[in-house]
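Both complexes shown next keep chain A, but they swap its partner, so chain B is in the first and chain C is in the second.
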Partner chain A sequence: MAATLFFQVLVNGLVLGGLYACIAAGFSLVWGVLNIINILHGTFVVIGSYSAYYAYIYLGVHPFISVVLAGIILFIIGYLFQRGIINRVVAAPVLITLSLTFGLDLFLNNSLLVVFSADYLKLNLANPLGVLQFAGIYVPVDRLAAMVLALFLTCLLYWVLEASRIGRAIVAVRMDREAATLMGVNAKHIYAVTFGLGALMAGSAGAMLSVIFPISPIVSTLYLSKAFVICVLGGLGSVAGAMVGGLVLGVVESFGGLIFGPEHAMTISFCLLILLLIFRPTGIMGKKGYE
Partner chain B sequence: MKTKLVGLFVIVLLLLIPIISNNYVIRLATMMLMYSVFAMSWNFIGGMAGYPSFATASFFGLGAYAGALCQVNGVPMFLAWVIGGLVSAVFAWVLGLAILHLKGHYFAIASLIVAEVLREVINSATGITGGGMGLNIPVLRMGVDAQARLFYFSMFVIALVTLAVSAYVSGRPLGFGLKCIKQNEDAAGMTGINTTIYKTTAFTLSAVFTGGAGAFYASWVNYIDPEDVFEILISIKPIVMVLMCGAGALVGPVIGAGLFLFLEELVWRNFLTFHVGMLGLMVVFLVIFLPTGLLSVDYRKFLKKVVR
Partner chain C sequence: MSNDFFRLENVAAGYGDIQVLWDITIDVEPNEIVCMVGSNGAGKSTTLKLISGLLKPWSGRVIIGGEEVVYATPDQILAKGVGQVPEGRRLFNGMSVKNNLLMGAYLRKDKEVDKDLEFVYGLFPILKERRKQDAKTLSGGEQQMCAIGRGIMSRPKLLLIDELSLGLAPLVVEQLTETLKEINKTGISILLVEQDVMTAFELANRGFVLESGRVFLKGPTRLLADNPTVREAYMGI
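Entry: the complex of A and B
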């Protein structure tokens, strides 16, 4: 029994962690490349959730398919935000960039509140995929599929950065902006693409999360804080770090919830974050990415 | 000489407010003084030392809860404020030793998260703090008008003390050391400044008055709950105020507080459901177009341009 419970909690944590990884990958990318803490990230996730919700209600598109739709919408939003506004302060000190994304987030989140109201929405699938049972462990297949999709997307991001032209340009700008510019890379465009990709990851994660969690503009800070924790956990600015950090956070929250009660899951992850910042600010993996 | 005269004028004006105006204006003026305490307090760590601190909400909330709990258990009001300030100060000292070695983004996030942790802790300690139901503070047995004036003058004194300490610090080795740290921390350390002690002192200074103001706030509004006093916006507001008038200046934060309250009230009145969004737009506008503050604008030049 104890072993079953242990594995059940572990599986729950891993499934959750896969989705967290997807949220954090985009956040980490923006932080690593642009050196900007994107407070908008949580709100981007929520916008993704809303797109998936309404696509399902009005068009009947399954949320796993609208992952693409949400990704495209958010990419455009992110690109425009960066190109139009954030690019102006990209090299400014933390206080300036952080205040800017804070201000933008206050604006965007409040707009969502006005448009969608703070009421929680829940996307109920007409025909859910059911529950998988294996050796006494239960896993809802929808969640499992969402996790697999999230991990796939995260790997895709990794591949894009490693192998595609645009990805190489992003890494080049990250390493040395001047040199990259001399090689014919349009740094402003690359910054905007990077921010757009970060938003895309947030939106896709949001679309998948819509199957699992209730949707409301007010949960955005929750997602944002998870992205914080994961970035510090996994070490800043690498997709692999985000993946490890996400899975670790999922498992820690799952077990923390079991031991201290689910209402303390957030507190546990925050305490973990502060302890990590004090003792090991480079993260578990302890290396810088994208270089 | 000129600045001294202006300062004297402002002080006399502030002292006249309770005599010549109604309770609404007094309430606004009290709020403005409280905001200026936030801004001046933040200025110690954020303006002088250049550390992007987002910890105002945690100091404020902690002070509010410490003061409120004292008052509920029979401690006199003024003493409760002092205790609120001291609790925040001790907390900031310990926290500062732990997180002030972080730089830039990491420090910003750590200081931001502390408020969330405190909120969760106070939320779950239902037995002592009432949790999410909040805490009622005994109401003073006096008339509404007298109460408004009492709180106004109390806040006035707190703000004056904060200003005095800011002025004192900024002219002393501590202030000088902090400005050195802002410019180049390694070099400051090399010239014999104990950067850890300096930074932690600045952090503590930024907590003590904010905590006192928190305890004051609890007595003033008679009811606090975790969502209210650990509100993330409390951490943002002082930064905006200081940004408005240029970081590091001495009276900048005070002017910024007045200006900010004016704008906030304007936004509140006209955009009730969208005031946070408007606040956000304000921040964006400030950061993009006036990153060095409104005071840095050369008004004579600007006016000449307009006149022509």
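Entry: the complex of A and C
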């Protein structure tokens, strides 16, 4: 393989991977802290994409700015879902919460289908930022910017969990709910904030993805399955794991697409998942528990 | 009895249909160290759960800071100035020592949290040294220091300590006892729950002996220490 092609594919993979990391970080947070496999996650991404699309069409707001808007909208949706519905079964076995989020996803996703239809929308920027060329490698600047923004958000989430008051409470509730309660933490509120943050990450990623991929409610399962693979790949429940897992999946898909054809991208990610479950079930980062 | 600083008055409580506490009356005065002793299953931990709002009383009254507390949640109890060092330390593993201490100040909005953090580091210099380490890497004694530090980070008026000496070497317990006296001198009252009666009586000036969910004996610890029943049942003398 020519060196230029190799690096071109690598760069494509990393750009994609950065966005994957952003999607997976939120999914991983919810799984790790609440022990909920959130089937709604893919639909949250799609809602983020639609928010960015319509903000651009009707208000002329650039998707990179509506990342904030989409994040806020999804945080509110996520908070209310958890506080109003999921909190009722949060301590139940994982199958119960899985069934619940699955049901909620059916409801939400089909509502989107009714409102927006399944037709693909494509957001075409009036003023694209052009293409960067370096040593024969081409990178669309919009994609690059989306990746940088996505990685920035992922790092921000890491920082929030590590160094903020609310982040400490999230980790504390995960470690020992009763002890956290004795410190004055309202666990129900913290659960809802955690779920809201997960949705926020999904929504922001969705807004950025709107400049790259076509938008439709039916792509939600695609994002969900990628988040799932990345979480297992990177190691469950850590932001750093999601980051590494996302980048790895992006690169693997990129090279896999080149070698086997882009239509096999999903097959490749799931083959990777199966191999990993056999040989390294704790994931690349290899740690249990949240950090 | 008319001490309004902290008082349980004829409290009964239990889990589901099972009654655990009968007619418990206990009080702590400002700046006092009081202990509650008794064997396993006497109702000590249940009493603490009740005080901290994790369990609701069936009957009786809980009075904190001159007010009767009705159906308060743990965060409201903490806001009223009752902090807790739970049994078995219950530190947050995976979090640094410093973050564990800061969790104690979770409800505080004032700017003096850093000052109090330094105060805790002053009491337990080893915690300052290890502030960036994962709490689970601490030794048993250091974990108890961290738990006590976390407890006083909420700036309580009354600190509940559940099983101070559990699983710790006598020398470490001795050290902790001295530090608790120091903490008490800064104006924090302490209600110590202990199985180790010797330690409890050394630290506290008054004590309550619980048995089968009832207050069986009470009084100054120097008198309790001379009580033949206590000596036989709890001190093995």
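Here is the rule we use: the second predicted complex is superposed on the first by the 288 of 291 C-alpha atoms of A that agree within 3 Å, B and C clash if a C-alpha of one lies under 4 Å from a C-alpha of the other, contacts with A are read in each partner's own complex, and residues count from 1 in each chain.
The criterion applied here is as follows: a residue touches a chain if its C-beta (ideal position, glycine included) is under 8 Å from a C-beta of that chain, and two chains touch if they have at least 3 such contacts.
Treat the numbers as computed from the prediction; the structure is a model and nothing was measured.
With chain A as the common reference for superposition, the partners chain B and chain C occupy compatible, non-clashing space. When both complexes are overlaid on chain A, the residue A:222 reaches neither chain B nor chain C.
Annotation for chain A, partner touching more residues between chain B and chain C: B. In the overlay built on the shared chain, the residue A:171 is in contact with chain C alone; chain B does not reach it. When the shared chain is aligned, chain C comes close enough to touch A:186, but chain B does not.
By the touch criterion defined above, A:10 reaches neither chain B nor chain C. Of the two partner chains, chain B is the only one that A:99 touches; chain C does not reach it. When the two complexes are overlaid on their common chain A, residue A:31 makes contact with chain B while staying clear of chain C. With chain A as the corner point and C-alpha centres for all three chains, the angle toward chain B and chain C works out to 90 degrees, nearest 10. Superposed on chain A, the gap between chain B and chain C at their nearest CA atoms measures out to 21 angstrom in whole units.
Common to the chain B and chain C contact sets on chain A is no residue at all. Within the complex, the chain C residues that touch chain A are 52, 54, 73-75, 78-79, 84, 86, 90-95, 99, 102-104, 106-107, 150, 154. Across the interface of their complex, chain C is touched by residues 165, 168-169, 171-172, 175-176, 178-186, 289-291 of chain A. Taken in their complex, chain B has these residues touching chain A: 46, 52, 54, 98-99, 102, 104-106, 108-110, 113-114, 116-117, 120-121, 124, 232, 236, 239-240, 243, 247, 273-274, 276-284, 286-288, 291. Considering their complex, residues 31, 35, 37, 85, 88-89, 92-96, 98-100, 102-111, 113-114, 221, 225, 228, 232, 263-264, 266-267, 270-271, 273-274, 277-278, 281 of chain A touch chain B.
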